[in-house]
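One structure, as structure tokens, below. Some questions next.
Per-chain numbering from 1; labels A, B, C and D assigned in written order.
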């Protein structure tokens, strides 16, 4: 850890870094969208990048796991053939907050090592990334302290924390060093500056108003005991099954696949698109039989998947506390509200 | 001789031609409109002032942008909303877009096959694909220009009382400008094509009515003026213009001071040719269109002239917008009771929406006066006049000629029986 | 398939905007014409034929006198595609059904009303079987091309059944609710690529409801945004009258069920985290 | 994104189907057709009974289909497909010489090792007989390694019966018992009528010496079969069921086939009754 280089950059240095990254190859970074929302986009003009934002509509996972992606090109018979479409072009992903870094680490597992099968498209895009992390401040929807993601650095190659009028840059990997070194000025950070950067963690904890009322270690069992809870039914009365919560989630990775032909009708692409366990036909099979026909089944599935099933398999909840799902739910269903209602019920019934 | 054309083709909507001749004497000659009425004037009643402008464009799939603009103008007049210069420029731009795509549709797909002796452009796809491609290019450019401003040419998005939900992107406009500049070649080729086509000779003087402005070619605003020299302010349209019901048409007919009259491209060019862009005036000369022209068949030629005008005008407008820059605008709107009239020039002519709102901003009454409806009485009169001149032709030829006459008016029938 | 499949276009009460959207396709339409033969298309051509396999029908039925023509089309076509909101849902003029037909006629034709005909506005499916509905006011041109590819291939077309929010989020549009406006996206069938919200405008529900809309939630949410039940019905009526939203909106009383649980402040709302 | 590249190497190939040729095809019933598929150069698929492939009909998509021939069959493998939706209908239009895409084999397959030396009770419902045919044939080819073979097979009606000749052949062997039932008997059907569980009273088994493998169609049937077998005294870890879920990738990524914490495609499709009981939403 001591070998970690901590440099101080002025804001102009950060712009210069963006400029340079943009010249070197594709650059994905948050930009302002609409009146008050942000989106990770491939930017042509680095000047459009938003250095400060709370959250983006879609998480930065779209750099390595795009919302829509053609992964196969095929020709129909006679003379059928199929080739993978995989992109390995190096790019810079700028401005990733700690929660989203944590989510990328989780996807590295889910799309990478899990089941000892590697998703070639994800892994290629992931490998091509140089990730610049960025410290942030929470709003009323964030709960990263509860799920232990607010100090995540892993996954970033370079990490920036606003300090004074500049940024403290932590070089975390060779790629990060390469991105920073020599090209932008910057001096070694003083110990006060390092101290100021480290104080962010405490500030964030103090500022988050939203939390999970249980330790992560007990969460799976608590929920498991309330499989039949009324909360699922009541939440379902309010849930549209519009899928927004899962589409915007940085840790969700379900997708659907479809063949699309071009107009020759002889060749085409096989494409994937984010899917959602909240859609009515997600668990439909021939028959037709639907394994999660009721809205409440699907609602429960979402919390179980994140806080019971994948938690047990991965060791951490499959939620990084980014608050996207709560903030974007038009019906106002809160992730922690539901979770806490179930936790309260579990404690009550245990008592 | 009985001439009956049921559901005349290559026009928008359903109409029939009914004509009969007895010993060379015309017994009747008229255009029957059988289109189902969709009662839009009733549909908007009870709707919020915000919703009316969503519904109104649905009156017509070709001139949705005109219906959108006119509806907004009527609502804005009723609610006392002033729109910004930026909004006006953008609206003028989409009016140009619509005239371009609509005229391209008519000049190439609906009218041209008649002159080429073809039943449609389909055979051309095989025999002269370049002409078809050109037609698609012009039409598509019009569509795309609409898309840049309001996301969709047919039934615009985000065009609301007071302006736009979101300003269009300047980069997209700049890109579009390039496309339009490239389109000049296609516009010139269209003029060239129509220069060679032989338009039937037939003249019947009538009154031509259109919007008019001293400073620019009036499509989006102006006063209502006729070729006889009289004019009325938009909201006084009832002083001169009267709609009435006839039994052979689900669309109403209309009169200007008690006489039939014509609206549309020919009327506009006749009345306002001085305000046309120089390139369009040149095209006028090349195409032999000399105001005041009384040949209804020349309406299609006037459309080609306007196509050139709107192309040049839209490029100029984009430049003007570019110089001013675009900003996001917000307008505070308080609903209030009142009546408002909007008048614009749709591709097919004068279009009027007239709304009444209550205190909550709910529509209590609406009236829409559609160009094709205004032309119907004049069309019947032209049909009688023209038939009298061609009674010696074969039945097939008479039928075709009458169809051509109807098509020259470029009627938008479902719109007229809204 | 033995020769190119023959396609015919027809329309009933509508603005023909959907057919124009097809005509506006440009180059892809030319490519499509390599695979099909268009034999009837009144709006675009004078050729006519009674022999076709695929009928593309735009518009709603508003007069009984139009029904026989539709039935003839259905009998001839092996595949009938309903094009656009009018054909699939009744269209924006469906709310004319709120009024008495003779009142409608009087409104427009005055004392000559009796010479004209009006009827209940209904989608094609009220009279004949529709094989593939293409929703939208107007349709999305890409969806039309996709449907035609499915038909040509003999592959069943799966009508999109997610809410507009799906496409809205994939495109990262700012949610209209965050602008303090309402939106019908959460209960409306997608496929339009969220074109309305792309401009910060709300979704008006032109593609009709998803298969299993949560109308109770919709009512609650709209009520919380200050809408009265009449307003909500009116909002839904714009395109979904044929689906009778009032039935969906009235079946259960979720507010009572939820509120009985924990006092007055529902625990699920974002404000109460 | 610009910079797309045609992938290469093993990893990039995970989602790339291998082009295979249909070398034989015949209709089994009005809705089922069996295909003999050959990989390039007659390469062996290398599957275990109960495993499946992801079958592509390009332009129509990809679906999991069980291999219904035994691993011992060399040079080609069989797929039995029911005409249901887009892909399977298109497939039914194909015949010898046509090309399809194959990925796999995927999944765990049936516990052939656990069945060695034991009596094997095979319960099949409808199309479920197809994957189980690979088990039966494999037992047949190594007959001495297994004990009794009892097949209980139920279909909706007589015209739905799959592999009738093979059923004959299997039942001709005195070491085997083959019982067939139909839900709705039609005229001329002299056999048993009723759902598959109604066959259970007709066989006697030694519950501790028996391993059951089953694939029985709708989820309720799984519950019935499991209950009946338990009543007969078969231990939960001697019962194996193959589950069906929608699958997009076949390799545990797309999320569609998740059941409780498991992925049917990689952890299954075959699960023991013990596992199934702890897996919520499994049947």
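What we mean here is this: a residue touches a chain if its C-beta (ideal position, glycine included) is under 8 Å from a C-beta of that chain, and two chains touch if they have at least 3 such contacts.
Nothing here was measured: the structure is a model prediction, and the numbers come from that model.
Undergrad: Determine, using the mean of C-alpha atoms as each chain's centre, which chain is farthest from subunit C.
TA: Centre of mass proxy via C-alpha means gives D as farthest from subunit C.
Undergrad: Roughly how far is subunit B from subunit C, centre to centre by C-alpha average, rounded to an integer in Å?
TA: Distance between chain centres, rounded to whole Å: 27 Å.
Undergrad: When the centre of a chain is set as the mean of its C-alpha atoms, what distance in Å lies between subunit B and subunit D?
TA: About 65 Å separates the centre of subunit B from that of subunit D.
Undergrad: Which whole number of Å gives the spacing of the CA centres of subunit A and subunit B?
TA: 51
Undergrad: Distance from the CA centroid of subunit A to that of subunit D, rounded to the nearest Å?
TA: 38
Undergrad: Multi-chain contacts in subunit A: which residues touch at least two other chains?
TA: Answer for subunit A, listing residues that touch two or more other chains: 34-35, 261, 265.
Undergrad: By residue number and range, which residues of subunit C touch two or more other chains?
TA: In subunit C, the residues touching two or more other chains are 153, 200.
Undergrad: Listing for subunit B: what residues touch at least two other chains?
TA: 166
Undergrad: Is the way these chains touch best called a line, a ring, a star, complete, or other?
TA: other
Undergrad: Go through the chains and record each pair that touches.
TA: Those chain pairs satisfying the definition are A-C, A-D, B-C, C-D.
Undergrad: Show which residues of subunit A lie in contact with subunit C when the two form their complex.
TA: 33-37, 39-41, 56-58, 67-68, 140-141, 209-210, 230, 234-235, 237-244, 247-248, 260-261, 263-265, 273-274, 276, 279-281, 295, 326-334, 336-338, 341
Undergrad: Quick check: in the complex, which residue numbers of subunit C touch subunit D?
TA: Residue positions touching the partner: 153-156.
Undergrad: So in the complex, which bits of subunit B are touching subunit C?
TA: 7, 9-14, 35-43, 46-48, 51, 54-55, 58-62, 64, 101, 105, 109-110, 113, 119-122, 125, 129, 132-133, 136-137, 139-140, 143, 150-155, 157-158, 160, 164-166, 245, 247, 250, 252, 414-415
Undergrad: Which of the residues in subunit D end up touching subunit C in this complex?
TA: That would be residues 59-60, 85-86, 89-90, 93 of subunit D.
Undergrad: Provide the residue numbers of subunit D that touch subunit A in the complex, in ascending order.
TA: 1-8, 11-17, 19, 56, 58-62, 82, 84-85, 98-101, 218-219, 244-246, 248-249, 251-256, 258-261, 263, 266, 280-281
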